[in-house]
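In the two complexes below, chain A is the common chain; its partner is chain B in one and chain C in the other.
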Partner chain A sequence: MERISIMISIYVRRKIQDPGVFKMLFLSLGLFVSIFLIGTMIIALVGGLGIKELLTDVFNKDLLLSPILIRYTVIISLISLALMINVASGFTNLGGEGQITLGMLGLLLASIYLPDLSIGLVISLLLIFIWQMIPYILKIYRDVSDVLTSFIMNFIALFMINHIVTYVFRGDIARPRSPPINEKLSLHYVSGDNFLSLLFSRVSIESIVTLLIFIILLYIVLLRHRIGYSIRMIGYSVKTASLSGVKIPIYMIISVMISSLLLSIASAEMLLGGERRIYYNDYAKIGMSSMSFGLGYTALGIALLSNGRSYLILIYSYLLSIGYMIVFTSYGYFRLILGTAVIGLSLLSALLTDLLLRYEVKISWSQRR
Partner chain B sequence: MVPETLILQIIGMGAVLIYSLLGEIISERSGVVNLSIEGSIAFSAATSYAITIAYHNPLIGLLFGVLSGIIPSIFMTLTSVYMPLNMIVSGIVFSSIFSAASIVVGNSVPRLPQERLVFINENTTLMIIFLSAVSSAIVLKLFIGRRIGLLIRSAGEDPYSAYSLGINPWRIRMFGLIFSGAMGGLTGSLLTLSPMISMIWRENITAGTGFIIVAVTPSTLWDPIIAIFIGIFFGSIPLISIYLQTSGMMFSAELASLLPYLIALSLYIIFRIVLAKRSGLVPRALGKEIVLEERYE
Partner chain C sequence: MFIELDKINKFFGDYKALDNVSMYFRSGEIVGILGENGAGKTTLLNIVYGLYRPDSGIISIDGERLRYITPRYSVNKGIFLVQQFPRLIETMTGLENLVLLLNERREDVRKLLDEYSNRFKIYVDYNKKVSDMTLIERQKLYTLMSLIQNAKMILLDEPNTLLTNDLEYIDFLRRFSREHEGGVVICSHKIKAVLDISDRIYIMRRGRVLKEYKSVSKEYYDEILDIMFGHNSDTSTVYKSVEKSNRDKEISREFSKDLFKTKDLVVRDDIGAIDLSVKRGEIVSIVTIAGRGDKELFNVLAGLTHPLKGSIVYDEEDITKKPTYERISRGILYIPDNRLEIINPRYKIRELLGLWKINSSGVVCIDKMNVVYRSLESQISELSGGNITRLLISIILCTKPHLVISHNIFNGLDQRGYTHALKIIRDLRQEHMSFLMILNDYEEALEISDRIYVLNEEGSKEISIEKARLEPKILWRELVS
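Here is the complex of A and B:
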């Protein structure tokens, strides 16, 4: 009997040229959409959900321009922008989940002691700033893995919040959750019967304005300004930046401050535009069971995909929001499965895009007798 | 006076953690940080539970659990060994995907307390599991000093020099990852099959065990013998905090759940800072991809 063996060869070579914007955009969008769709379909089939129902529920004209989709696009964009500046400065921040929840805690503290929106935002900014600086300082000065540290700090933050809403600020005897946020801490929404209110009725003016300002600002600062060059140089090599005379602590503080500001606005939008209470997170689960729906992880995928180009974030966030709509149309444990898979798939598409942009990959196989 | 059952539970939980610590040690010695071990643990916990329910045999469940733990490692091998993708982010990707898959598998069978591994009685079984974990650690310690151990260490210390000497560092890293996945599979299976640990499979049964394992591995100094003590220590934290709560001490369950993460993170930071000064202890190519810019098979 003849024996045939198949040999699979993988060929990887570094690319020297920087990829152009269009190549990057097409490649990343293509991968993002295809991985997302294929993954969701496979899981939907395994979970017993009909593809036809899934498509008609999600991909209809009303939903694709619905206020809820736009709300999630804005929230995801804000978080992605925050994580993008972290990534540019060399800090792969996987602690977004914990940081968003801490931002919510800041608003709760303001609601109880000093009920004012601006004070609430300042407190949440400070809490997020401290939480971000710990892994970043450890990475820059002690070469401790920022990804692992920030990731484990999520669990610490989530269990801490669980303790607070159970014992310190419990607003309900029946189940552990915080008291409702004071009405003085409210965001402003577009009202009236016009086209704008049809689109933006579920997202605050503060969030939209912040997003637009920071998309332009970060584009100019990161890609066209000395501050951005210094921040990115720290991201490439701390040693080179230090030898080039870049004052590392100053740029660390600038990047973390911008990121914290964006995350605090996002957490305000999620808390104040939602149920206005912080809920107990059983087992400090990540993903759909958390207050931030796992956006701290999925947004990192977008931040990596955008490669420092802030305007691309809007496109990716819109697509990811459609993914989240698929998750929201499901129910029970199936919703949990989809939500968890969405996190994995968005990060996977970011990783593969990064690979194909930086390396030339050829896969071939041959038969041997 | 500490009750006997608490000691047995600590031994049982400690043994479960020792297995995955040993897997992570071998993987990190070969240069790969295997964060997908969380996915291996979650997926194998669900598959071993489902197979045990289907075949009414916990040993078959254990076997399938170990095999299913290898699957995330195979994907991890493709992305982090044969392709130069970020190891930590790849690990989180496959942890997420296989955690989602574990929910599908776990919910595919009825939630019944399944038959568990009981050889003579529950206490003896726990002791057998513990002793086998300890003996595995001793055997691995012996292997690290031999040829196979040197090969593994060469891939983790300087893969390029190893390659120039005719060693295939990709294959060694693949072996390290698969071993780590199998050990993660064993841990996951024991979480649902071992007596006195869990009666039934539930979502989030791992409670981030894999992430804790990755965080505490540096504190073992990549030594299997130290892993025994670290495993027992981390196995004891949740049980001791439950014991303290039930014995009337003011200790919130939420803060008790936070404790393993806090200790693991503190240990990780301290050991990374201390070990950075003593460079001989950390595998030099840990977390670094190998790109030779030529064909490899």
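Here is the complex of A and C:
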């Protein structure tokens, strides 16, 4: 009897050329929608729920074009941009969340001692800058893992803030939280009755302007300017950067400074545009009990997947915000699971976009006798 | 083992990298494949090892006819590829890399390495971090790994060991094919070296096999040169005339004061002090055996590591403790032997030029060095090894540093590229640019240098270039003394 064997081979190769901006945007959106639809169907079938109910839960105008969604999109984008420049310079910053909370501490200190927004932002920036420089210096000059140190420093920051709001600046006897921030520290918001004004009513003008400026600036700087080439060269290899004449300390400071600035604006938006108090971070619970609700890790995922392309951050942040929105408006475990699933699906679609655009995948089979 | 390639074709987009290539390789034989940069040699080896799939043609291995093979299949059959830039984890030691690759316990791998090193007489310090290893050491480590896995056919892509006349490795290849009945395929552009070692030779040009020599003689040199670069090529003549005119200049040349010097410089415990000097407009070589202090010396001269003792003076200023970027800003340019240590392959050519502050003149320099590229938007990873070296030399052309300190600067260049680079470097010397070249190939050193130092365990020693040119064995004797 003749024996036939079939061999299936999967061939993956890194593409040499970069795809265009529009191809990237359309593919990531398309992938999100298709992955989401498949995911929804699976959830519906497994849980015995109606697909229609699930779809309307997510794809409705009140959610997709709500002021709250825009607010989260802007916040996540700011944090992702900050972490993107860290990643470009070779610093995998796992401590974004702790740094945001430190930024809030800066604003609290200003509120108590020197109530002025600009002073608050400067203190925030300095605290974040110091917190970022420690793991980065250890990595560049002592070859210590930045992933580990930034992760450890993240928790040091979070527990330090917990201690501060519990024992040092406790504003409430009933529960550990800071006193409210002084009214002199306020951001500016759009007012008006038209649709656009309403849509942007929950996010400050400062945050929107900073975000737009830095999306354009980082695109130009990272991909089209010597500063960006130098920063990215450090990210590739410290040795190569040295032999290319890159002044490593200067570019380390530039990248950390930009990142700290973006994180300080994000922390101001979160604190001053929200409940204006720093809460005790309880890691035993999920969701609102944490001030920064795991945004640091999510934003790092976006930063890694955007691969230096700042414009992609907006779209990924928007998709992820949908998930967060569902989580925060949840009244039961069903919506909590759904929201978490949406966050996961968004990251999965970003990952697939990255894979399809940067790698060539061929599947073929051959027959042998 | 018998491998036969029948009418292999391979396209990259519209570009035909291999055009109806037919060849065979067998055990007990060393086969050389000669061709200029971009001739298709590396593509061919990648197909034989299974990294690339041919678009058409048949590969027969011991009579089994296949459309393509996979690396796993090759390894099971005993076919191993030693790449030009072996892919190892830089932050781990050689031993740790092999523990991962072989999936064995550390102590077992150590024993295997010692056993195979002694049996095949290839010695590598496997306790060193890979990032501290030269390309030659990495290639030797990879070869040892292949031998441990019972290699029957070793494919060598541009082996630096051969380029630098590493006698220990050359001797191993001969013994492997004759005593151990192994097969060896060497892809290179170094005609003399391949003629010395091979039993049979194929000549490739633009993806096609132009000729097969079933027996090898050094008399074929000129004929092979003509075939490799085309009959109208004047590479050989240009090469000879460049040689002559520059020798004349060298003799009559008067050099001014020292631009760069080292004093009692110690870079490694087991190597003596290094004292050398470079004057303005001078080409000085320091010849070493690979892995015996060359990488450490380069790192110290570049400011990447500190010396154990001694000082470095540049332009009458002590720069021993100055960081690399400060040295570069004062007019020194460094070129390491591993090109990926100075170039990010993911960068576009435009970005690389931008990093070096090179404006529109960059294109002129690149064209002057005959770099083959699609556009400035092409990624550097698209370029062949030889083209990357040309690109680096065009950076020298554009940035015009006062001093270039390099480690095996001619790595990857074919005969035409080498001749052209020699000419460019000599022209730059006329413009008072100085070169300090750390070389593992003493023949290259003799060809290009105004002065030569040898580095051995006792330290550095200057050798009379006239004497060494008359009797190159003097250099070799000093190297191994």
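We adopt the following convention: the second predicted complex is superposed on the first by the 267 of 369 C-alpha atoms of A that agree within 3 Å, B and C clash if a C-alpha of one lies under 4 Å from a C-alpha of the other, contacts with A are read in each partner's own complex, and residues count from 1 in each chain.
The rule is simple: a contact is a pair of C-beta atoms (placed from the backbone, for glycine too) under 8 Å apart; a residue touches a chain by one contact, two chains touch by 3 or more.
The model shown is predicted, which means the values in this text are computed figures rather than measured ones.
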Checklist entry - A:340 contacts which: chain B (first), chain C (second), both, neither? => result first
Checklist entry - Which partner does A:222 contact after superposing on A: first (chain B), second (chain C), both, neither? => result neither
Checklist outcome for this item: Comparing chain B and chain C in the superposed model, the one touching more of chain A is B
Next on the checklist: One more residue to check, A:263. First (chain B), second (chain C), both or neither?
Outcome noted: neither
Next on the checklist: Going by the contact rule set out at the top, does A:248 touch chain B (first), chain C (second), both, or neither?
Outcome noted: second
Checklist entry - After superposition on the shared chain, which partner residues are touched by A:148: those of chain B (first), chain C (second), both, or neither? => result first
Checklist entry - Do chain B and chain C touch any of the same residues on chain A, and if so, which? => result 9, 11
Checklist entry - chain B touches which residues of chain A in the complex? => result 7-14, 43, 46-47, 92, 94, 138, 142-145, 147-149, 151-153, 155-156, 159-160, 162-163, 166-167, 283-285, 287, 297, 300, 304, 333, 336-338, 340-341, 343-345, 347-348, 350-352, 354-355, 359, 361
Checklist entry - Within the complex, which stretch of chain C touches chain A? => result 53, 67, 70, 131, 302-304, 323-325, 328-329, 334, 336, 340-344, 346-347, 351-352, 354-357, 377-379, 381-382
Checklist entry - Okay, in this complex, where on chain B does chain A touch? => result 33, 35, 79, 82-86, 88-90, 92-97, 99-100, 103-104, 107, 203-204, 207-208, 211-212, 214-215, 252, 254-255, 257-258, 261-262, 264-265, 268-269, 272-273, 276, 287, 291, 293-297
Next on the checklist: Help me check something: in the complex, which residues belonging to chain A touch chain C?
Outcome noted: 9, 11, 16-17, 225-226, 229-230, 232-233, 236-237, 239-240, 242-248, 366
